[in-house]
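Working notes, structure below.
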Amino acid sequence: MLAQIHITFKDGVLDPQGKTVHHALNDLGYDEVQEVNIGKYMEIKLDSASREEAEIRVREMCEQLLANTVIESFRFTLVDTE
Amino acid sequence: MVKLSFNLLFLLPKSTVDKPKKNRPDPEITPQIVKEHGLTIEEFRRILDLIDRTPNLTELGVFSVMWSEHCSYKSSRPYLRKLPVEGPRVLQGPGENAGVIDIGDGLAVVFKIESHNHPSFIEPHQGAATGVGGIMRDIFTMGARPIALLNSLRFGEWDEPRTRFLLNGVVDGISSYGNCTGVPTVGGEIYFDACYNGNNLVNAFCLGLVKSDRIFLANAGGVGNQILYVGSKTGRDGIHGASLLASSEFDETTEDKRPTVQVGDPFTEKLLIEACLELFKHDWVVGVQDMGAAGLTSSSFEMAHGSEAGVFMDLSKVPLREEGMIPYEILLSESQERMLFVIKPGYESEALAVLDKWGLDAAIIGEVIEEKSVRINFEGQEVVNLPTFPVVDGALDLKRELKRPAYLDDVVQVNLTEIPDITRGDTALKKLLASPNIASREWVFEQFDHMVGLNTLVMPGSDAAIIRIKGTQKAVALSVDCNSHYCYLDPYEGAAIAVAEACRNIVCSGAQPIGLTNCLNFGNPEKPEIMWQFQQAVEGMGDACRFFDIPVVSGNVSLYNETKGDAIYPTPTVAVVGLVEDQEKIMTQGFKKAGDQIALIGFTMEELGGSEYLKVMLDRSDGKPPILDRKHEKQVQSFCSELIQKGLISSAHDCSEGGLAVAVAESCFSYGGHTLGATLTLDQTLRTDALLFGETLSRIVVSFPEERTDEIEELAMRFPIDFSLIGKVGGSDFTVNVNGQEVIKQEINVLKEIWKTSLGSYAGQVT
Amino acid sequence: MKCGVVVFPGSNCDHDCYHILSHILGQETHWLWHKEEVNLESFDLVVLPGGFSYGDYLRPGAIAGFSPIMNTITRFAKAGGKVLGICNGFQVLLECGLLPGALIQNQSRKFICKNVFVSIDNPDTDFTRSCGDNRVLEIPIAHHQGSYYIDPHSLSQLEENKQIVMRYCDADGNVSSSSNPNGSVGSVAGVTNEQKNVMGLMPHPERCADPLWPRTDGQIIFQSLISAS
Amino acid sequence: MLAQIHITFKDGVLDPQGKTVHHALNDLGYDEVQEVNIGKYMEIKLDSASREEAEIRVREMCEQLLANTVIESFRFTLVDTE
């Protein structure tokens, strides 16, 4: 099983990296860029008994460690790998 | 190039080593394969002579890396032998991972500088980061705790499209790696010049502190000692001859061309430092070697060779990061953050426990054997069986052709009558202060943690950084230097000037030079002109070191710094380490108090050749570099250090790029402190441009309280040395009057702003 | 005062904190290894030092927050024990919820190492009481992720509870965006918990507490703690 | 138009962050975790004339600025936002 996890800043938290990249892209002539948000993408290979179990465990991992829920939100999808 | 004919190969004795059966079949060694391993026909013949059979592919790989320029120093070694390497304080000269100098109190400093030029050009962030990691390992491999880092960076011109990207990447890389390991980056230098457009230079220096009786060498000791692998797992990073591996002839599982750059893991490095220093406390540690260039291969062969023994290793026991790695790859991998220890048998579990505590991978992978060979097994098969001598020391020194480059004929004394003198210097001063090679480096060193460790008595931004030695009254001063422009115009004098200037920086900070390390960055040594530059520079450096009585204890050579036939200027970077006996007697370059006298030690001549002034104002880079009068230089330095030792002066700053006007302005700005104005009153018959901006060597600007003037002047007279009062600290302007005529008057804060923001605003732009 | 200095893998200001507490200020100081669950009952102060615990990988302080020693430290703090988190130590305290808010990348996206000024916002804590009239300190920062973030509502709560201990300012003590080095909300440089026995700050008081340097403003923090114990 | 960009390390490139998080998850008792890879995720809001144009421009942005193609590879998808 592969968990694909996306972690992004919550609304209202200023993302300095996103802001800088946005400026940089505009300066480079990409005028069509309206907004940039930068987050993390993680792939976790799991050896779980079932999809249900994986679902619960990955959520737990995100809440406990992978995301800081004061500033970040997360979402994930599970992909069968066999 | 001569081609090795197949017929010849058939005449060769068959390899006596079994080929690994479970893995890919070992291919025949064809001339093509030999060539792809960077070995010449002569070298291959020599291998056959030395081992009396054909090497298998893995063995050929071993020879290829060990006989490479990088590991064998085959082009440079004959010249390096001429450097002075001895002195009463030298505990270890060149030949080990780093040099060691005794500083008394039972302590020694360990230091070396090394290049990471090519990787940093391909991927500036990781290239620079792994460069820092590599040099630190050279230092703690000797048993020392790294306590300071410096770097010497060279990039192309500001207008070159890639320069900004490289500058940001390199600085980021050094910052991310050094800061994380908790070793302060306390100084360095940055130059921009068109000659580095296609080849930037990243030279990293590290200094460590060790008890003088606890220095560790790359020694394997006696038979039966255990070989302990420590650190990151081995991956397929930076494998030499990767193109060959990927070629379909003998590998059907061809994959995407692998990136040849390695990613640094500073966290693992930090753990390695702590774990190694913990291991070094034990008497059962016999020897240690980091796995740098040529990885497991060079570390095992060098340790075996160094102790006149042999090594047996089982590659199946090496911790691997990737699946399906073959012996060739495991041996030649350049994965970072790895070390090889030799420990006495019976202490394996104790050693492994220390490493486990620090969360590091570790494994016993072999032992020391009597036979002077390195024998390597993999999955039960012997894959390498080579005598150590031919591999480590068998490469012949190359007698490369030398030829004085023709361009030198065109380098003549700049004809000053062609250049109109100036009546005011304001514009030139502002331009120089904003220019790439003079503007403040604050933007760079603020990204480096230069304070961690609580030892940085003098932070970046002065002539030399000063690191105190806790528990003693001592401190060490560090400076890295090279004006490659001068080296281009005259490699012999340029290299000597680099030595003189680094020493002058050390002296200005209140220290005495005690040792030197160098990084010789040059173009393609196969060109006789480049080899000539190399020979001249090494000779100039050696002569200067002999004259100033400073031993060269370590160094590094980086050749082939050229792109599309354009070589860099010869860049023999030197880093000098100085000793301060008393922490109270340190000196910085910034003026301290309004009302203080400003004076110049040394004198100014009409020298503009190779100056920043000519480059910035007239876009000229010709002429002869300023003249180094060694005796005079020595006098200037010893007078300055006498003033400091007697506690008579408040600041000292040497004149370099930009000349007198820039040096005094820099003393006004002094990072961290207050900004003070200054008025210079000069009586001179020299041209104004040369007086203000010429780069005559052997000059130091000092300041001191007015009431000490008589005492100092008298000392100067008795010394004797050229010494002249040139002005006063104070006011809110920078003013220069020459023969009663005002030639510069600017608000000091305006000048400071120009100088301070130039580099940062350049770096921050998007292209 | 009996102090403990925590060592996480990757801590690199641990020796510096130890040096100031033990050698400069003469306090009884012990190392606390991250894997140990030592009994902290007899301790007056636990310091979480700066550095890059776990390489700052994932988020600074995130992984260290789960070290075994953090359980002990949490109990110690709940019982009123004093805990000081400096830089990375601050990040750890935020990650494990002992302090409110979070730290994100500096606005400049660069590591910043330099001296800054901070003004003491609350001189009435065990960490600041010795400042007397000296309300503006010059103190080094050295971080990449030091921009303090908390939502506006919680920020005003912090202000009400006097939990903001120090803010970045200029040499004269004026707090403004031009003297804010990293983009922290409200220029916040250090905060306490509600009970005011746990403090985290980004500046490094241990870097300006050795009399070998001209300024020793950082001693105020340690002297306050010594007086309070 | 919204570009969702995933940037990950190329095969064989060391991912120190992933390695460390992997250990941490195992230490926290998530024994089922076999491998962790950490990359970046970016969302870029675009004001492009057409999907085709956006496709070309985003690829260009990735190559020029967003990804470090020496060690990273990228992939992206375009989502209509109206």
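All chains are identified by letter, namely A, B, C and D, in their written order; residue positions are counted from 1 within each chain.
Everything that follows uses one rule, which is that contacts are C-beta pairs under 8 Å (C-beta built on N, C-alpha and C of every residue); 3 or more make two chains touch, one makes a residue touch a chain.
The shown structure was predicted, so the numbers you read here are calculated from the model rather than taken from an experiment.
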**Request:** Could you quickly compare A-B and A-C and let me know which has more C-beta contacts?
**Result:** A-C
**Inter-centroid spacing, chain B versus chain A (mean Cα positions, whole Å)** = 40
**Asked** Can you give the whole-Å distance between the Cα centres of chain A and chain C?
**Response** 29
**Centre-to-centre distance between chain C and chain B (centres being mean Cα positions), rounded to whole Å** = 36
**Message:** If I count partner chains per residue in chain C, which residues reach a count of at least 2?
**Reply:** 54-55, 57-58, 63, 66
**Residue list for chain A, restricted to those that touch at least two other chains** = 24, 28, 65-66
**Prompt:** Mind pulling the chain B residues that touch 2 or more other chains?
**Reply:** 265, 267-268, 359
**Message:** Going by the touch rule set out above, what shape does the chain contact graph take here: line, ring, star, complete or other?
**Reply:** complete
**Prompt:** Mind pulling up the chain D residues that touch chain B in the complex?
**Reply:** 9-16, 19-20, 23, 68, 70-71
**Complete:** In the complex, the residues of chain C that touch chain B are 9-10, 12-13, 15-16, 19-20, 50-52, 54-57, 110-115, 140, 142, 144, 204, 206-207, 210, 212-213
**Request:** Quick one: which bits of chain D touch chain C in the complex? Just the residue numbers, please.
**Result:** 16-17, 20-21, 24, 27-28, 38
**Request:** Going by the contact rule at the top, pick out the chain A residues touching chain D in the complex.
**Result:** 6-8, 18, 21, 24-25, 28, 30, 32-48, 54, 57, 61, 64-66
**Contacting residues of chain B [partner chain D, same complex]** = 122-123, 125-126, 232, 235-237, 255-256, 258-259, 261-265, 267-268, 321-322, 335-336, 359
